[in-house]
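Two complexes follow with chain A in common, the first pairing it with chain B and the second with chain C.
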Partner chain A sequence: MQLILSLFLSLTPPAPQDAPKKLEVVTTLGVLASLAREVGGDHVHAEALADPRQDPHYVEPKPTLMQKARAADAFIEVGLQLELWGEKVASGSGNPRIQQGQPGRIVASTGVQTLELPAVLSREWGDVHPYGNPHVWLDPLNAKIMAGNIAASFEKIDPTNAEEYKRNLEAFEKHIDEALFGKALVDEVGGKQLARQARQGRLAEYLKQSDLGAKLGGWLKQAEPLRGRPIVSYHKSWIYFAERFGLTIPVEIEEKPGISPSARHRDQVLALIRDQKIKTILQEVFYERSAADYLAKETGAHAVIVPLDLGEQVEAHSYFELIDLILGKVLESETAPTGTR
Partner chain B sequence: MQVRTPVLALAALVTAARLPAAQTPPQPAQEPPKDPQILKLDRKIDDLNDRIDSLEDELARERQAHATPPQSASAFNPGITVFGNFFSRWDDQPVFLDDDPTAARVDDNISLREVELDFRAAIDPWADGVVIATYESDVPNDFNASIEEGYVVLKKLPILDSAPGGLKVKLGRFRPEFGRFNYVHLHDLPQPTYPRALTTFLGTEGFTQDGVSGEFFLPSGSESSTLEATIQVLDGGGLPLAADVPGNQVASLGHLKWFRDLTDSTNIELGASGYESDSSHQLFGVDATYKWKPLAGGEWRSFLIGGEVFASHIDDPTLGNDPIGYYLWSQYQFDKNVYLGARYDHAEEITDETQKTDVIGTYLTYYTTEFLRFRLSLEHTESDVAELDGLNTAALEVNMVFGSHPVEPYWVNR
Partner chain C sequence: MSDFLLAMWRPFVACMLLSGILVYLGIHVLSRKVIFVDLALAQIAGLGSVCGVLLGWDLHDDPGAVKCFSLAFTFLGAAVFTMTRTRDERVPHEALIGITYAVSLGATILASSHLAHGAEEVSELLAGSILWVRWPTIVWTALVFLGIGAFHWVFRRQFFRLSLDPEGAERAGMSVRLWDFLFYVSLGCAVTSSVSIAGVLLVFSYLVIPSVVGVLFAERIGARLAVGWTVGTLVSASGVSISYFQDLPSGPTIVVTFGAFLLLAGLVHYIKHAPGAAHAAVRIACGAVVVAGLVGAASFLRKHENLELAHLIEKGNKAERIQALAQVAQDPTRWPEIEALCPELLAKGEIEIRLNLLDLVGTLHRKELLPNVHAMLSDPDDAVREGALKCVRTLADRASIEPLLKVASTEEDEYLRVELAEAVIELGDARGIPILLEVMEKGEARQARKDAWEHLHAHVTPPLEYHPEAPADAHASEIRALREWWQKSQGALQLH
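Now for the complex of A and B:
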């Protein structure tokens, strides 16, 4: 009995040292690690559990992931039942700081207004998410809310650096506003006003009435050729991105969320691509691409394969690079003649 | 009338004088003067805008809160999942329950083999609770109800802020951590039946026992590998090789699992298990599983190969002389929903190690989703047990899952 007790005690994490210690943060997705680094600065070491080449819905909760979460001060997830595997990792880690309800368990999507909230919950509709579509981070305005939630939690877990987390959050929010609307417009009107107009879908009207259209810059200026353009996506991952940048998605290649397309459904998508002269088939890197390639070959549309998360393993290493990458690829597809890419 | 004429004339003159002025083109807009009053109003507008911002943020949060399903006392009810497993078999010779020719015949039948009700919820900040009730039918239309598992998991210890080694304590009735497949429930197996070696040494439905379990991480020396240990103290008996051991004779079980990520898409798991009822009734096992599942397209392609060996140490005149058993299995995923697998089993009878049975089988599995599975299988048996020798069996298994779907990695997602 004494032997077992001494073995357990030898496995207890060492007592906190006097030297400043970084907050150890594990996140389900790379995008959350990026936001944690933005608001945490030098006080945080953040590591993502999922690889950005993986489907974030289905990550194997391996013991190595549980081990990474074992010593974490905080565990950040998107929530909205996107990462069901995250709970298995957190509980398997045996780390009491990151269990549900603890300050170290951070649900980044809290307060985000979700889209596609189901009126009826049934598996008949495929892999529906009861709290709405969870791919919220692909709207930069939602990224600000998520960063705000992360900063607020860091302030609770590590109050000695609270002021710095606040400052970092403000800097990140300003950076997002400038990247989205352009610096000149943000300097003149302010990010809050612009964000409000954009959320309410009145930004174009507001800029016209205020004679500020010429000052629009950033991603929204780049996205002007996309406004009103229909695209096709594989999964319902892109609705937040589409809404922010003015795209429409009349159909998905998947018949229902999580359900592979039947030949009949694929033919319906093909007819719709031809009918609406759709040029872009937007698909995540982790899905099998034969259906997208077939549709591209038959219609001349372009299969645009991009990551929806970021990390060392893909071309996007920060939140800003991720939006740059996706927007750039869609623009490239939409401005190129059909069948040329 | 005389008096009013000059007044009207004056009014007409004034009107005439004003008309041309009204028609004059507007002058270019002048920069509004920065009147202190206007500056004050500007500041007020900014303040109001800020208030609108915060109110809209609050409204968004409220909308989100109201968008979630209504919370009531029923929110504390456990998550409930129902598993139903149908099994139809066609055999070319009579098959008896437990290979006993005096027992009921179970060949050529269609049956609802098992229904499981899985209840789980957080009990309080310290613990989670799980109860799994099972209705199983070894013979069609004859159901036995039992509690397959019912335990509490202590997530943290009141005496320590952080459990050593991520210690997780489980108390109650559970499937002990012996080998690779024993803790996997029937509905979650990658094959339609438990391997012959497993049923020989751990029981026809696998090994379930009451007891206490502690699971913790040991230092592995590498970020890409883990070493997990499980120590369990169990009620005595329950295993075929310890069937006559009384329940009050406590048994112990240890399991060590080493897991390593070999590459981004491959990993290996090695396990060693030991069970002791007393020095005359011991069971040992080793298991290995290799897995390939690419990161991109991993839902469409995967490959697994594994095996497990059971070796007993028995000093009991009513049982055989240290019988052994093993199985090898493999599975390849061709598409998002289609898996093809094969398994080879070898087992010596617990009561007579000279009586050997070998089974070879192949399985084709189709998932509509992770909640509904169809599986066809073919098996051929060669055995020293006369009732089994030469048996050929074809089977169709249908498995359904509905309910709140606990966060467990089903095989389809592994």
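Now for the complex of A and C:
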């Protein structure tokens, strides 16, 4: 990535005095702003509306949000009904460039295969997202698809720099592949094939068959101790992360989104933590902690509180740092003896 | 049963504590006609905590400091309510209580919009969950309540006099303001410590409902208290049990149980005091029939669902479409219901739908859709191309050979090109072999070259060597030899 970037910088002439105006990009989440910066490079100024320490499902529309949306050339959202407030901000801003159907309105999750589509043929899944679980960005492979959607839209809005957006996207995809699988393996097999095997859940088998296991590096190598480990989470935010890194989440503390759990559910969670010797209770920073703390104190498991999104206000400032942070905290909890943190 | 006790023992003890102090205070609240004062006090205390957090104290690291803030604000609230209780009833006290509530809630929201976890802190202050209560909290709360209880016991005469007969108390020379202030302070302390374990909703119910039942059935204070505590205990026990055995959230269950209990008590009171008991009973029975009728009628109001598969696919959301396809997979006789929609769905549906439908076309062997599947072999989406190829291989029709060869010449992904060649060879056409040779020659990833070689080897057995790990220019001679061998012998070779 660095090499490509420096190579690229050496090729472009220094910017003239009257540098063209940057593309003003407003995103719902910090993670989308980070992807927009990766893809847009110097031609884009991206800013997120949500605070990474607050629940992305609910953001109070403030006057400044509207202002930012008014001035935007592009508005990026995850979609899948994650940010129900996003439409309010976009349509409320009155900015014609970012209305639904315009090239400046970018739904980053387009084409991502969602998990947890409701499994029963009835309307009783009222509380479930009808388009599947929206927390897709926590799987690095999905981040590539999202960056691809963003790049495609940038190319349309700003055709003069289209070539550069394409190059930046390729560099980002390569960076993700190398961060996920390790450089040696990517050089040997190619990112696409690895991603394909990983998506189908066959990566471990494939590497074994092709005798490539020793070349695995990156996040997946780090996550090897996690494979098959059960953890408990608060909200259903972590299934993509768990799926990619081999964790299982047999139960959530929150029985149904937004409703406090019943006693029986609480005790099921307790019993499960004890039976399966679960060490990690993974929770988003913005939920109230009493349940996680209760379970942690009762069982000795660790309450691991991490952000779901990135930004200046948390310890993660880029997509890579976000995954590093979450993975690091989970690994730390899983490798520490219970009842010590 | 022991499971039940283990699970609900703590919430029940906590409920009994609440019942003990709040029922008593409720009798005061009711006779002073300041029903919503607890909500206002809780909100002011919440504002105090948020201000504490704004000033840099942490809710989890310095709970003591934050508590002090909320206590100080409670005192402030007590002072406000003391000052605003005037004999001039032009502005009712209840109005001022409501205003205090609204303003402090607004201020809390404003203040918390500057906080990291603003919304969380506020909801945590007011929600509380009786289910997650632990022993240290229970013991601490019990001590606070004991203190408040003792204080009220010692000064019971003053407190009751002020609540029941304020004019008389003032005439007798009592310092109304002082005792009012002390009352609101003690109420504020009780309410804020209850709210943090049980939430506003439950605290309000404990404060008001048992005392209302008490007022209905008894005249003397002692008797009202006895009735109130009995009701509190009964409802706590039944609410907690219903919540456990019906698997419902505890707090709301207890509140609704309170409501049901009050309704029952009201009916009993009505029959007891009506001029003709029989007449009243008949009226109640009529009422019950009407209610039952309405409940029955509600079943007709249920939204009618159209579960026809074609309707689901055309009008439903993604999940419903996937479900419709799953139905067909389970019961292939239903295929005709969706048949007409398939070409368009294959071409334009969401990715998951297209993939699921490709699977379905394969398993049900719908060869008439082969041209549509061929078109998907050059789809821009990787997953769709793979799905289409898999479907083509399952359908195993020689009509696929030409489309496969055509796509293989343009496919960029070398692994997919190997698979395309493999599919051609499987259909008995040797033109797949040169495609493999090409990947072996020009493939970028070593693993792809190796794959191509292994696939080649699986179908023909060239008496030659190939080293995929060698760099591209190094194995040019190997490839040349293989090409020559293939030129010479392809007519004579049998594909395995």
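The rule is short, and it goes like this: the second predicted complex is superposed on the first by the 313 of 341 C-alpha atoms of A that agree within 3 Å, B and C clash if a C-alpha of one lies under 4 Å from a C-alpha of the other, contacts with A are read in each partner's own complex, and residues count from 1 in each chain.
Here is the rule we use: contacts are C-beta pairs under 8 Å (C-beta built on N, C-alpha and C of every residue); 3 or more make two chains touch, one makes a residue touch a chain.
What you see is a predicted model, and the numbers here were worked out from it, not measured in a lab.
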item	value
Fit-or-clash call for chain B and chain C when the two complexes are aligned on chain A	clash
Chain B versus chain C as contact partner of A:Gln113, first or second or both or neither	both
Which of chain B and chain C A:His265 touches, first, second, both or neither	second
Which superposed partner A:Trp85 touches (first chain B, second chain C, both, neither)	first
Partner chain in contact with A:Tyr287 - chain B first, chain C second, else both or neither	both
Contacts of A:Pro96 with chain B and chain C, given as first, second, both or neither	first
Touching partner for A:Pro61 - first (chain B), second (chain C), both, neither	first
Contacts on chain A seen with chain B and repeated with chain C across the two complexes	51, 53-55, 58, 60, 62, 111, 113-114, 117, 121, 123, 130-132, 190, 192-193, 196, 199, 259-260, 285-288, 313
Touching residues on chain B, where the partner in the complex is chain A	49-50, 52-53, 56-57, 60-61, 63-64, 67-69, 122, 125, 128, 153, 155-156, 160-168, 215-220, 223-226, 228, 231, 257, 259-261, 264, 267, 293, 295-300, 336-337, 369, 371, 402, 407-409, 413-414
Interface residues, chain A side, partner chain B - complex	4, 8-13, 51, 53-55, 58, 60-64, 66-68, 70, 84-85, 87-88, 91-97, 99-101, 110-114, 117, 121, 123, 126-127, 130-132, 190, 192-193, 195-196, 199, 258-260, 285-288, 313
Residue numbers on chain A that touch chain C, as the complex places them	51, 53-55, 58, 60, 62, 111, 113-114, 117-123, 125, 130-132, 187-190, 192-193, 196, 199, 210, 212, 259-267, 285-291, 294, 297, 313
Contacting residues of chain C [partner chain A, same complex]	3, 6-8, 11, 60, 113, 116-120, 123-124, 127, 129, 131-132, 134, 243-244, 247-251, 303, 305, 307, 312, 317-320, 322-324, 326-327, 351-352, 355, 381-383, 386, 413-415, 444-448, 450
